[in-house]
Structure formats: C-alpha cells, structure tokens
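Before anything else, here's the structure in question.
By written order: A, B, C and D. Residues from 1 in each chain.
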Amino acid sequence: MDMLQLGKQVLENQPFSQLLGAVLTKFDSESTELRIPVKDALKQQHGFVHGGVLSYAADNALTFAGGAALGTGVVTSEYKINYVRPAIGQEIIARAVAEYAGKSQAVCRCDIFVVNEGKEILCAIAQGTIARLSAAPSVE
Amino acid sequence: MDMLQLGKQVLENQPFSQLLGAVLTKFDSESTELRIPVKDALKQQHGFVHGGVLSYAADNALTFAGGAALGTGVVTSEYKINYVRPAIGQEIIARAVAEYAGKSQAVCRCDIFVVNEGKEILCAIAQGTIARLSAAPSVE
Amino acid sequence: MDMLQLGKQVLENQPFSQLLGAVLTKFDSESTELRIPVKDALKQQHGFVHGGVLSYAADNALTFAGGAALGTGVVTSEYKINYVRPAIGQEIIARAVAEYAGKSQAVCRCDIFVVNEGKEILCAIAQGTIARLSAAPSVE
Amino acid sequence: MDMLQLGKQVLENQPFSQLLGAVLTKFDSESTELRIPVKDALKQQHGFVHGGVLSYAADNALTFAGGAALGTGVVTSEYKINYVRPAIGQEIIARAVAEYAGKSQAVCRCDIFVVNEGKEILCAIAQGTIARLSAAPSVE
C-alpha cells in the first residue's frame, strides 16, 4: 500500500476526523495536504468556519507531516497557530511540511487556506513539534 | 441577563460548538470554564480524545476569557497549546483566565483537563492573544 | 551543595548570562526565579528593556524550572512569549514553574516582571517545553 | 535614505543589539536578514551559542519584517521559537518574511541559521505577530 493510502486509512480510523469530514489528499515525504469541505456544522456565530476547525486541520496536517518525516507512529507535542483572515468559503486546505526531522522529533510548519469560489486565501499559519511515539508524553 | 447566560447564548449560536457538545459552565470577569462530555465521535484512532477537540476547547475558553476581560466582541488572534497527557476519560474541562487586558487585546492562559472516574487530570496547557473585534484581523 | 548553589554555578558558566548580568535567586523543585538588573546596554531605541532580554530571561527560567522538575541535564526545545507591557524599570524578574514533568520532557510556564520603583509589573508571559538531554535534538 | 540604511540606523539605536553585535544585512518589502558574528560572550556552558541569542535574532528579524510589511513603527506582540540543532559556528543569520500584513498587524516567520565553516545549518524556526505601534500594548 502506498503512503497516501496508509494515511487515508489512519484518518478513517479517527472518528473526530470523520465527524469533520476531513480528507487526506497528499501524504508523502515532501508534504501533507488535508482538505475539509465546509458545511454549516463547522461554523461559528458569524458564519465563518470556526477557529477550532482550522486548529484541527493544522494539528492533524502537522502530525501527518511529522509522521512522514520520522517514518513512524507519532503524536503532536505542541503547536502554535496564528489566525490571519476569517475563513469564508467552500473548503479548508491545510498544507504542512517538516522543516526539521531528528531521531525523536520533527518540527513542522503548516499553511491553512480557505477556498472561496476557486481562489485559495491564506487564513492561518501554524508551527509545531511532532514526537516519535516512544519519546512522546502520551505513552508515559 | 447575567454574563453566564449571555455566554451560553453565544456558544449556542456556534454550530461547531453544538456539534462537539460544548457547554459553558462558568463565565465571569475572573475565569471561564467550558466542558465537553466525551463521546466516541470526538476520539482519534487510539481511543483518546482527539487533539483537535482539546485545541477547540482551549481556543474557545481563551476567547471567552478574553471577551470577559475586554468586555466586548473579540476574536482569537493566536494561541499555542502543549499536550501533556493522553485525554482518556468522560469529560473535557477547559479553564481560562486573562493574565493581561489592555485596550485592544487580552493575553490569556488555559488549563485543559480530562475527568476520568471523577478525577481531573491535566492533559494540555495553552496561552494566547484575544483581540477586540475592531482591532482584529478578521474584520480588516 | 544545595540546588540553588548548583544552579548559580551553571549560570556562571554561561558567558551570555554573565554578559547580561543575570542572577539566579531561587531554584528548587517548586519554582525558579532569575533576576537581571537593568542597565542601558539591555535597552532598545525607546529606552525600554529590549524584548530579547525578556526572551532570554523567559528561556533561561523555563530551562531551569524544567531541569529542576526532570532532575537532569536539559535543553529548551521550544517556547512562546507574549509581551504585554513595555519593560521600564530597574530590574527584570522571571519566575517559572513546571506544570507537567514526564520521563522525557517538562512543560513549564513563566511570568516576567519589571520592577519599577519597588513595584512589580507583569511585562510578559511564556510557555515552553524543556527536554531531557538524552531525548533532546541538541545531541542527535 | 533607502530602507536598509533606515533599518541599520534603528538597529544602531538599540544598545542591546550593539551589545550583541547584530548587523542588518537585508531589509526590504520582501524579507529581512540579520547577522550576528559569534563571539565567546554569546555562548552557554557547552560552547553553543545561547538560545537567548537565537531568540533575540528571531525576535528582531520578525519585528523588522513586520515593520517593512506594515510600513510604520511596530512592536513584537508575541512569537514562538523551536530550537532544532545546537548553534555551533561562526555566525548567526536570521531571515524573516511577513506571511500576512493587515491594517493593525503582520504575522511573520523566521528561519535562524548558524554558519559553520561556510555552510548554513538551520538551528531554529520562529513565528510571531508584529503590531502597528498605535495598536500595540506597549503604548497603552
């Protein structure tokens, strides 16, 4: 099975990713791309996509990018996100790359776009640490 | 209407908060508390609550705490979250306070707990900037 | 030798800490306090203490707090800082605590104050990850 | 006077930047580059350049990049830095770009390299918010 198929399978096994409707559209050693079609249930009170959805997208794309770089099971240790524009549109796209990969962790960046009438608009940027599972706090 | 009722109304107007089942349980000038009962749809592939849910809880609790401190409409500009333990349990609790509030923004902190068989366990901590809506990038 | 003496020795072996004039005033399992007397060489163009000095103080206080919690050689993996007020005064104080300590890392918070005519004023807050040296990227 | 000359003048008016020996080598609407020749006084106890120096470089490069994007007086509101490799070498280079610039703030990214025997090695990455001075907490 190729990497993208493997990644899709992981995402399908995450009930929360299914609830949000996330789809993995790229997953290789170069970069990761996650897409979420916008539906009303993902919005906040002003009709924009909720920040929590953008955070989810950043978090998961960072994790997949770190996993591809480390070649193993991983968890997100931490990340930071800046929201720069309201997310108004039909689809969210999160694209992440590993800027560094060592033995125990990768440090990744992610750009989060909203697609509005075919045009991609940057709405958030993120940066975070992905840890190899054996070194992760989650399994301590 | 008191502040907690006002806050509950805002949360009820966020379709994404309703999808996750979030409830505002404290909202005053001192602190904000948001709770999310855990259900299978909020989990990842290992049965833990998905990081995206903890991020949503941190993001929203920070926003409410900043809003209470600034006394106005606000948006989250940015935040950072560290996951420290896997979230295994029956309920997520996010508690946020404003450490600083100025004219245009507040800087807040948030502790995120999972309640497991009645015991609160710290599973993430966060810090972020909440901006007054008129000064926020969202309305530029 | 007690912990505070041990910590002071580490700080004395950091030429950059000596250049800035940093002094460790508390270092135990509960918390860490680092102080820097303000001198002109630490300022920026408007006469405030330079943000880089506050960052240094946060970084080093976080590292010491993480080291005390982990009981071993450590490095700072990452941190985030929010500046909230201009630092005008005679002394900088950074106080850090470990909010979580596991096998391989600690997650810590830090408050940074400026002392102006005897009064402590919060000028920045920080949060970061301190890694045990054997798990740290620095030694890979 | 061109932008680079203007930027150099600002840096020369920062006593802390002079103490560290920072030099502005690029400053235009596209990007900012700051360089710091390594000297013993900038190191920590293991002979690496102190994290506080990398933080200073990131902070200042982010500020200049945000200032170039906003075209006005600015301050750094907040930033986050991940250290990825020990900084061993003869010079530190911080390169920053604005990923977004609005009316009141810019969101920027920075790569921090150490030059070792002519080779640039990535040692840290950062992301932060630069605020227009009138909207900044510093002048409230």
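As a convention for this text, a residue touches a chain if its C-beta (ideal position, glycine included) is under 8 Å from a C-beta of that chain, and two chains touch if they have at least 3 such contacts.
Since this is a predicted model, take the numbers as computed values, not measurements.
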Between A-C and C-D, the pair joined by more C-beta contacts: C-D
Far-end chain from chain A, centres as C-alpha averages: C
Gap in Å, rounded to a whole number, between the CA centres of chain D and chain C: 20
Inter-centroid spacing, chain D versus chain A (mean Cα positions, whole Å): 28
Inter-chain centre distance, chain A versus chain C - centres from mean C-alpha coordinates, in Å: 32
Set of chain A residues in contact with two or more other chains: 77-78, 80, 82, 84-85, 100, 102, 107, 129, 137, 140
Complex interface listing, chain B residues touching chain C: 80, 82, 84-85, 99-100, 102, 107, 109, 111, 122, 125-127, 129
Residues of chain D touching chain C in the complex: 10, 13-20, 40-45, 48, 50-53, 55-56, 59-60, 63, 75-86, 137-140
Interface residues, chain D side, partner chain B - complex: 77-78, 80, 100, 102-105, 107, 129, 135-137, 140
